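A, B and C are the chain letters, set down in written order, and residue numbers restart from 1 in every chain.
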Amino acid sequence: MINVDEGKEMYELMKRLFPICRSITGDGVRKTLRILQEHIPITIVEVPTGTQVFDWEIPNEWNILDAYVMDEYGTKVIDFKENNLHVMGYSVPVNQEMSLDELQEYLYSLKKQPDAIPYITSYYKERWGFCLAHTERQRLKDGMYKVYINSELKPGSLTYGELIIPGETEEEIFLSTYICHPSMANNELSGPVLAVALAKWLLARKNKYTYRIVFIPETIGSLTYLSRNLEHMKKNIVAGFNLTCVGDDRTYSYLPSRQGNTLADKVAINVLKNHFPEFVEYTYLDRGSDERQYCSPGIDLPVASLMRTKYGQYTEYHTSLDNLDLVTQDGLQGSFTLYKDCLELLEWNEYYQIACLGEPQLGKRGLYPTLSTKESGSMVREMMNFIAYADGSNDLVDISNIIDAPAKRLIPIVEKLIENNLLLVNRGEKE
Amino acid sequence: MINVDEGKEMYELMKRLFPICRSITGDGVRKTLRILQEHIPITIVEVPTGTQVFDWEIPNEWNILDAYVMDEYGTKVIDFKENNLHVMGYSVPVNQEMSLDELQEYLYSLKKQPDAIPYITSYYKERWGFCLAHTERQRLKDGMYKVYINSELKPGSLTYGELIIPGETEEEIFLSTYICHPSMANNELSGPVLAVALAKWLLARKNKYTYRIVFIPETIGSLTYLSRNLEHMKKNIVAGFNLTCVGDDRTYSYLPSRQGNTLADKVAINVLKNHFPEFVEYTYLDRGSDERQYCSPGIDLPVASLMRTKYGQYTEYHTSLDNLDLVTQDGLQGSFTLYKDCLELLEWNEYYQIACLGEPQLGKRGLYPTLSTKESGSMVREMMNFIAYADGSNDLVDISNIIDAPAKRLIPIVEKLIENNLLLVNRGEKE
Amino acid sequence: MINVDEGKEMYELMKRLFPICRSITGDGVRKTLRILQEHIPITIVEVPTGTQVFDWEIPNEWNILDAYVMDEYGTKVIDFKENNLHVMGYSVPVNQEMSLDELQEYLYSLKKQPDAIPYITSYYKERWGFCLAHTERQRLKDGMYKVYINSELKPGSLTYGELIIPGETEEEIFLSTYICHPSMANNELSGPVLAVALAKWLLARKNKYTYRIVFIPETIGSLTYLSRNLEHMKKNIVAGFNLTCVGDDRTYSYLPSRQGNTLADKVAINVLKNHFPEFVEYTYLDRGSDERQYCSPGIDLPVASLMRTKYGQYTEYHTSLDNLDLVTQDGLQGSFTLYKDCLELLEWNEYYQIACLGEPQLGKRGLYPTLSTKESGSMVREMMNFIAYADGSNDLVDISNIIDAPAKRLIPIVEKLIENNLLLVNRGEKE
């Protein structure tokens, strides 16, 4: 039986965040961050509309109060209050009457998924539109309709959250997740609730690394965050992960950093290979979230993604079917444990060096059987293998890979050898 | 339908060159080069007999006017004028009578290819001999024969042709082909006629690279050329190709440089892999033409070969069956296009670097769809993939390989990004 | 038919050494080394009990005169004089009576190999015990037994043998074998007798390398030897082999050094691949002999093992069944030839560089056919291939691997090219 305490807590938090209408700017983001603040001490940052962030500019802030399409009989045939996916993200205000024929070009539905409301946005070109299930669309009768969107698009700010958990060193582990999607569960709310659970766990520990955890709008938010913190991040971050699509309970998957061989990649692959050898391995060509910015040329941060089913790879993705049924407590709990294993491995990962020449005499320390029989050799084999490669040039992950033993099983060996003054940490020779 | 203009022109030129009796020295080479001069401004160079070229020495010049074997009835049973392959290359003069038994040891034929006249030479040891179809040889009747070779072997010179087409930079692309074989079509005339066609195409363009195109006798000619130009060539040549066996219309093949990973190899493999994935890949151990000199230790030029069927790999090779039937207009045209693709790729190949940090906002430049739907992402995927790897450390071929897109399809993307000031050329970091 | 002169001599020597009761210290080792001195001029070294060797300490010296278990009727049911494996190695003295029940906890046998006496030791914890065939153990009847071990465990010394055969250079080839096992043939006596045969062969030759050959107790002996000679060994040894399990006539096997790519590994793999392609390839994780010390972090000597069947991989291992029937003259002879091939390759292995630019003209030196026909090219192909890669950056093993020709076949080519002043030795660029 797996422990589902964190899974349950994450799921409860997600239920609370689900109804909020988030976008890349606006009060939905603020409301979301304020709820997260009830759990962990996030700092909220506002960056004004018009601010240049690399090749981009922070757009006007968007807020929406109400929206519907009403038929001639006063019935709201599409109603934002029922599901915030009904309105195209960043829709400009509208209040007019039109025939069904005219209305059709503002409607979005999916023929192949007739029961799903699609998720559609138009951040950088002024438009309006309504999204609905294709079956509903087909039920619309000829006649006149009132279309009404009470939204506001005007200078304001982009909002993000940041939490720094100081550790023994200034070197940082970076966790990024996004908070810009309206009511969808796996992509995106699974990411923020996992980030909160990991932050709680980290806050209760003494950590070697400093942890930088950010809750940002996707793309424009990561660009904004990078443009304000790039120098510091390039100097300090040794590994990072983009937390997304971690809530269903299907097979794990891995999307590498652009370089593909960073510490984040090494750790992720080692943990997955040893504990979930059936994991799906993508290439950077399959990317699609904030690693696009974090790993772009000149930024080059060591950021990889460990996911359950990757965005774009499940049919419910970017529709109203990505809901609280798709995500489960077990799914969230499994992702929490997976990330915890990765972070623990990072914390223990060092370039270890055995403290003597030749093999140490384990016997005199009670670490080796005193009777040499044909069979006894195999018992301490793993410790001997660890020692054989603890030459100061291999880190814990390297040794785990070479001797084909899960790093998790090597950590107690490291502890025992350190206790016996047999192991040095070679921080200087670290690559 | 492929364009066969060049193919036809090449084939016509080959028909004109075919009857000439070429060897590694002599008037056949001069006559050949003078015909080529009617098409492109070749410089003809004469290097005297006795000149030391590395470990070798330029031999006496050989010329031949007539040769035959005549039976007792005055019938020429073997006649040089019917086919210049009938005489062993570099045969010394002879004029004597002998029995068929005595004659036999001067005759060369192929039992396994009884209808083919073999091509045989003896450049560095004085001999004479006649070559003939085995069926003809078997028809010879007992009796006395007059053997007559009116040839001349005396100090003269080795002749080669050279064309330099200056470009924007002093860096050079090197094209080498040979003109020392008598009447054979695929090996060798396909090479010189392709070199002429490529030279014409290059002369009509503005090129980044300077092109060095040479028409030389094989082995002794390439050694001679190298010994006179080595320092310059080692300094300037960035890629080169040895043009041979490019006239039949069978599958393409590739023979690498000795190093195997030069720019010539990279470009050749990329073009073949993307456009002719069925191509035959040889190793340098299969070498057999002038790459033997160009790639030898201490010379180390980046010279590879793109061929149709490789020398030695087709039954007609080095016999009278390697004739104008074996080579076709389409075969030549295909090779022309293949080489043109390689040279164009070389011309466009640079270490590109995206001009901003983070992904550029393609939307504001009309390069990206403004509406984000579930499908829109795939449309500009190739451009985004190119940008993701345009980090100044990958050249165009590298990016093509990484993102698995033909370089030919990336060239318009490069043009569009340069137009939009989004791409820098990193010439300094070039390897 | 293979030459079995050395095989026969090795086998005879082994027969003489077999009955001696060796251990990691004591007179058995001394007696063994004195017999070896009759064949080769070994120096015998004694290192006192209590000497610190890295993390270890040389233990008390152990000697044994007699041991038995006697039943109530005066019959010796277990008798050391019948087979020295009957007594656990390093057994302390004992002289007492006990019931069969009490005796049982001091008895060692193998249920799965009921006819074999197991080999068991307890070097670093004071114990006593008897080993016997399981069938014999089952025949023991209830009743009282006298157990008697007349052994001595007290300060003395650890004994090893060393032979240095000076060569032209100070660079060394290192051969190590062990002399600490009682009556067992493949593991271990095959090792010392092969070392003697190789030493004789080397003593009769003029060698490029200096050879360092040691006969030591396993583990504590290699640690002792290393602790006394480490600086010199790290400076001079270019390749080494641990000689063990070389006497049966089953398939060869190879266990790499820890680094896996040392000169010893290169040579071993090249020879095996070309002459015994069916050889078994282990990894360093399968180690189990003195490479554990020679290759440990900070020692890092280039030591690999070429064996017949590896220790632990044959059922007779570490039992009385590893006897003179398991080892054969042919088995020993084959291992001798294999090691001789490796040492000869090491002696010839250099970074060769062709002495001219371009291909040399082999014809004028009588090394190339003067008549160029369709077939003649293949004749000197191997020499031309050797020359093509003799660029001063590839050693003989590299070239053998690249051109896929056994190094043994290339040695005569090297000789011929050196005779013709066509080859230079590039000792400076050696890695």
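Criterion: a residue touches a chain if its C-beta (ideal position, glycine included) is under 8 Å from a C-beta of that chain, and two chains touch if they have at least 3 such contacts.
These figures come from a predicted structure and were not determined experimentally.
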_Same or different contact residues where chain C meets its copy chain B, judged by the half mark_ = different
_Suppose a student superposes the Cα atoms of chain A on chain B; what rotation angle should they report, nearest 5 degrees?_
120
*Could you grab the centroid distance between chain B and chain C? Build each centroid from C-alpha atoms only and quote it in angstrom.*
55
_For chain C, give me the residues that contact two or more of the other chains._
none
*If you look only at chain B, which of its residues touch chain A in the complex?*
353-354, 356-361, 363-364, 370-374, 377, 384-385, 387-392, 403-404
*Which of the residues in chain B end up touching chain C in this complex?*
53-56, 108, 110, 118-125, 127, 219, 222-223, 226-227, 230, 258, 284-285, 287-288, 292-293, 295-300, 312, 317-319
